[in-house]
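Take a look at these structures.
There are two complexes below, and they share chain A, which is joined by chain B in the first and by chain C in the second.
Let's turn to the complex of A and B:
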């Protein structure tokens, strides 16, 4: 049953400073409300246990995308529609736009925010694998100051993160690479879901691999839906780095990935299926890498 | 003759009201001093309520009453269904809990917010018992349902199936299953109940059957039927779930009587999964056997479906197997098992939708054993007459559906081998299946009236459940009256209007349309009579046969300059209006015919072999359903049915926790239906068909046939794409890896 609106308290301070002060005064009492696309679902289901919220959706300080020579920095309130409209992201970080375009439907893309997605910390969320693959950092801000943490260390367990209760997610930074290096970069994003839109991912996958000639110089591979957190498969990445694309031991590295993921059975799918898909996604990545170096075609 | 309106793709006459939000649905009717009621549902699936603490709820400001089994008035008729659509309801009569979400209390307050909040504060204590929701645990206790009056018996047997099987060249034996699927029309069930004194009741209800509701409620509350008025001007989808009076209607009436106020009760999306019916899960065993040339020699279809512990509804999935193909040896049966769940009900094409999945999948399997094209197999076994009723069809143009559908789809491009067609990374598959649905007609009445201003008013109780009834009745009436649709006002949805049947079984167009047509014709005849025999006028003295009616004007067939308007005829004869009420019965010729609509689906799917994603990429469906009354509203019915078929094939599944029997997919986030992006453009072919026997208007009803066969056509396409036969719906991704 829908929750009782009068049992909830929503405050709307005018500035970031005031919001941070409120969060600092009684940490944990007030929780941020951004686009509300996660919070309101719980509310509508009558299961929103937390009752005090501070609206951050109006904070101008958390909006906007800034492109500098070394990074693209996105305000926490950046929506999925904003992401898709940003040309630098489209050129250099195409997986961001792909993930955004496959998040929910248009209404959710207009309303849901990147900050909310990160703070909500669902292991099946779609942008986080792309953020992990692009080695993003997250800025956490409180009255104590601002700190940048590597997104790779942000999630600590199922729906737990390094963010303290008085901290807001304020910005997300994605490092750029030299313009000339773009050509040697392979990006692969794939969301596997039952519907073409409004699908909660069974598995999502993002990989960003740099190749010098035929040798892999760096690899970041991340998956959603296969572990308590969105997961960087670091052992798999380790096996890829330094390897030659033409002689890649797909089976062995695939087995490594399979050991790294820990999917479960739930009402949305089975562990067996998720593991198979994770393995197949990796095989697809290797095909893409081979096609990149001029071996074989991308088609299966 | 007047230019005909019937058949034209007229926009909905109520379209403007709907898109501007001014169509008044049941929960939106402005009623003075209305109180809001919210149902508290049980959180166990079986047991007894040992204590109910309503103290906190009662202290919420604005709360008017909290009804529970401890204080609610007795409703002796609640558990005494008499009609086929009647259900045993749970209306606070005792402490028993029979299923998850069963009403255990009703909170009435001045606002919906207060009522909802107070409802969340009612605390129940239970003595829970083990509840069973899995069919296989109860299958040993399966039993045969009683045949409903006028409906086919649960079992059938023609020929000698065992002898035929012994000689068959190819044979398929397989078990198919379909899951529980919950009703989720856009508009959730809603009632406003207004007791005036002790013995008059008005119900504004989202219902598919105002007269059935009046009968059930007047009996249960011991009221005279004429003292109960049911009004239902707009219904936001019913699909069978609004064909019965469920618990909430009784509860709203009880609350109105108890509080002396009008009471509005609109159930929540979550409660759609509790007590308003669903398509029950089925287990279907099919044997299909053929001789070498593809001639079917035997069909066996044994169905077990689930029902509640306390009421009976059988999903008649095998009925379609009895009549669809010319097969001499056919044996079918229906069994039920009881579970600790709510009672299932009619769900768009009950029986045909689930049963055709099994039958049409089995035929597809047989086609591969025979190395025969699936369409050729169907054509080989085309039934020229109804093999079950042993009567000629009133009309059957299925062959044209097959050929026109196949041609438009490009069926001939299908490569017979599974996994032989590709589009880049995706495997491509073609699947087809036959669709059929009975064309019913029930007794119905209608009244037509031409007024002195030359406009017409036409009334029939009936309901428009979103199908376009207002529109097609306006068209039928206009043609019958010899008027233009702009001058005809058709109204429905009120038990003070002439009596009509439930809008179920695709029978509204057929039943109400026939009555409306005859009422309109009767008024036209009277007008012509007056013009030729009444006082003066340009047509006076002619014979009635010499006069035509056209856009509200009578004209001489010989000399079209001689004309007389309806207004003039009425004015000259000193009449305010002319009206006729017609009580239309089933058309007599129906008795000697089998009456069905037919169709064929051709569907292309693309399947990702590595991830198991299935995308329906093309749909061509051809239907022969008698006269198409409005090509636009008919197309909407067909595509609506097909979209639901996509859901049935790929998504829909009400999941229960087997430990508690409770539903875990209680909203549209977890209960998946197709989204727009999943639905390709559909090519709907409406094959011309003239049927002089089925009813007065020659139309067969198009509300349900669209979904029939879609499950199989998609499953068959998935097999063709992947070589994987999925016999258990829905075809989720994990079943393909």
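Let's turn to the complex of A and C:
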């Protein structure tokens, strides 16, 4: 443990109201601490620059998953274990459970929270690409009130977000498809990490594509680890929407995706690798789509 | 002597204490008044130390501060050349060089103080690769950056190259690897004028530390005592490094007047302590069309880091293993250990052999691919046979038939079936391709050449008052099973039950020097001494009239007890005598490099995902001839663990260097495989007893580190047709090779020799 423990302050108000009051009184002074799965690693390494924290992990108000006709709404303290256990998510949003099951190991999955993951805003986080692909929204709450923002507009730069310093991530909402909607849906999630578990991703890929017959009616494709933020590749999505799966220009759209990502070299991988794998995973998505509409060989 | 214990899987001696948490490791131990120590390091790869300042905000008067000026004797960590200072004095040669030591009762404040020490260093140009060291872009050690140079010559290399059908050249590299024992390095030191220095710690070689403390403090051996506590793994990482941390703790304890504990955290242990030597090997092979290798010209270089430490010994083992288990008649091997500005690289399971074996075993597959000869077949055409000679001219005395081992391993791995199945499946559209690869190799048991003769190891056994027999040796239990196998060997020599035998705690005040716990020597060399000493004790007892044959275990215990009551003590010692046939010339590297070798065939089945370039091992067969398996469970455990470590080295464990410092100094970023990344590992044994090992046993511990690297990378070649020249073959490395479409003609420059 390289941190000097006495140099840190941790306060534990008993309720959401008290936490929000503290954040309003001294904006930016206290940083919310949820599962701590990222903060504690930095702390142990003696590199945790921020010294004042407010513990929100015990707030009952931020727990629980509510399923309604139009959405699944998850409390910010929903753990990765909770995500994997929720049957509606498993049925309709399988990439959520997949991402959760590939995050860290069991201990991390029991402790880490979706809200903490979103607030921490790492571009290598595992669940955010799936949240983007499912068009999720995030609720930000302060003493000034609560507001919903589309998760697609939440990240503004490397570890920066639209969250104001007095705001807390309180809920996440994933819209459900209306019963009787036309067509069918293809989900593809892939985390590419340095090993099968207990790993930080190098590249992650989440795509949710709606197909009516052979025509793509909606496409959301998101990647982690290839830009300062978890990224929706909107130009790629634009090229997919309206296209016919049987006549996709895979090379051209792949080139579009390649232009949209801006990966870097770091201690975990190289820019060349991240870009190439992102391209390959896109090609794999198109294979999956073709298999889905009954063309080509079975997707693997 | 009948084997009743040897060959059975008796319970481990210390298993109960370990699984119940009773075993006490160094961080579980505390002494009255004990305080904590820490190390201020240079952070600069190379430079001149101008000054040391204690920064503001710290109550420095509460701290014990030690610098090079406080060293009472010689400022060096005594090993072979004594070039490594205990604390930097003027010159900085790597970014983790210890400069200042601090001690304080509050661990947390200690860390804050460590960060407040300011070192004024003028930076100098540094060297960070083998190539730069050889090119002397800067001279950082001696006159030419070369710690040691050795050559091996056999036959006539020039003639072989002139008369071969084809010459194939390949360049291969292996990376550094962190030992990653579970327990980090740690010691406690105490000091008093009467007793001198006492060290308790997590370590492999108590007498190495004693030998380091003697010149550092200018004391005699009676005032430098080293006690090994329960040790959570070593893998070579606690061979020479503990001399450093023990010296530091001892200096602090002397100045503080109270015991001092230093425990490294994982980041410090990873960044500052030793790792496997990175290597670069150029193999030129002169080959006949039928696959016979008639000449091998090998240039083997290892990166030793900033100080010479054990590099010359690592180099010599690497060199001797470089030509493998083959009879090639004409060999020239040049070996060089070079200096760079990273922390010294050191002992790690395999000790140079995995590096050179990787190059040769990879190259054989490239040769086979070029000539259209299967990997198993090209090896069959070159295997050494008993009576033939290895590269050093050593005549093979072991009763080994590599063809038989190869047959058995291939069958166990389903080689033929898999080859056929993969060939069909790999033509399908999917992104996953599969392959199978192998490596065949040997590993010498014990110290190289005359090393064992110079060590002249001694083991004792003594009877206790209650009639038990205690083994006295400096050989340490580091998780590999020393205590257990010593008890088996002694028990069978004495013809008594397992529980009659105890193994004494390695403590330089009480145990003789049985040599370091390294080099796969503990079972074969030291175990044989245990057997001999036990037989001596038995003779004494039989001659005393207190015991008659045949006897039961109970009768033996009674007789022991009676002897001790009558005569005060009953002890027997045995000292190593080199087998008479061993002849070794250190100057020419000719002769019997090792008393015996263990022989092995490893087969890896691998899948490669061509979307992500990830290679995963799906099945692993490890077959070895080891003389005699003393303890089947422990032996299989050694092999399985070693193969796992070898898979890590081959595919995952990538040390990222930044200016000579390990940048990924935590387990989040330094990727070792976890259980879900590992295949079923099938450890198989063959036994051909060695006359000079206990019940015929040869070395096991290091062998499994040699085979996985080349077998896995050869399997990747089989899967996707890409010859990877370096490990770790991370997905990034595989991708670059894939995109470059690396093939045999690129990895190996093929030159058809013109025939007149």
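Here is the rule we use: the second predicted complex is superposed on the first by the 291 of 300 C-alpha atoms of A that agree within 3 Å, B and C clash if a C-alpha of one lies under 4 Å from a C-alpha of the other, contacts with A are read in each partner's own complex, and residues count from 1 in each chain.
We adopt the following convention: a residue touches a chain if its C-beta (ideal position, glycine included) is under 8 Å from a C-beta of that chain, and two chains touch if they have at least 3 such contacts.
What you see is a predicted model; the values in this text were computed from it and never measured.
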Practice task
Using the superposition on chain A, decide if chain B and chain C clash or fit.
Solution key: clash
Exercise for the section: Once the structures are superposed on A, label A:198 by its partner contacts, choosing first (chain B), second (chain C), both or neither. Expected result: both
Exercise for the section: In the overlay, answer first, second, both or neither for which of chain B and chain C A:149 touches. Expected result: neither
Practice task
Report for A:264: first if it touches chain B alone, second if chain C alone, otherwise both or neither.
Solution key: neither
Practice task
Kindly classify A:24 by the partners it touches after superposition: chain B alone (first), chain C alone (second), both, or neither?
Solution key: neither
Exercise for the section: Could you tell me if A:46 is touching chain B, chain C, both of them or neither one (first, second, both, neither)? Expected result: both
Completion exercise
Note: overlapping chain A surface for chain B and chain C spans 1-7, 41, 45-46, 190, 192, 194-198, 200, 202, 267, 269-270, 272-273, 276-277, 280-281, 283-284, 300
Problem - List of chain B residues in touch with chain A within their complex - result: 38, 113, 116-117, 119-120, 268, 270, 424-425, 609-613, 615, 650-651, 655, 664-665, 667, 669-670, 672, 674-678, 732-734, 737
Fill in the blank from the handout: The residues of chain A that touch chain C in their complex are 1-7, 41, 45-46, 190, 192, 194-200, 202, 267-270, 272-273, 276-277, 280-281, 283-284, 296-297, 300
Practice task
Would you tell me which residues of chain A are touching chain B in their complex?
Solution key: 1-7, 41, 45-46, 105, 190, 192-198, 200, 202-203, 267, 269-270, 272-273, 276-277, 280-281, 283-284, 299-300
Exercise for the section: Can you check the complex and tell me which residues of chain C touch chain A? Expected result: 107-109, 111-112, 115, 265, 267, 428-432, 610-614, 652, 656, 663-664, 666, 668-669, 671, 673-674, 676-677, 730-732, 735-736, 739
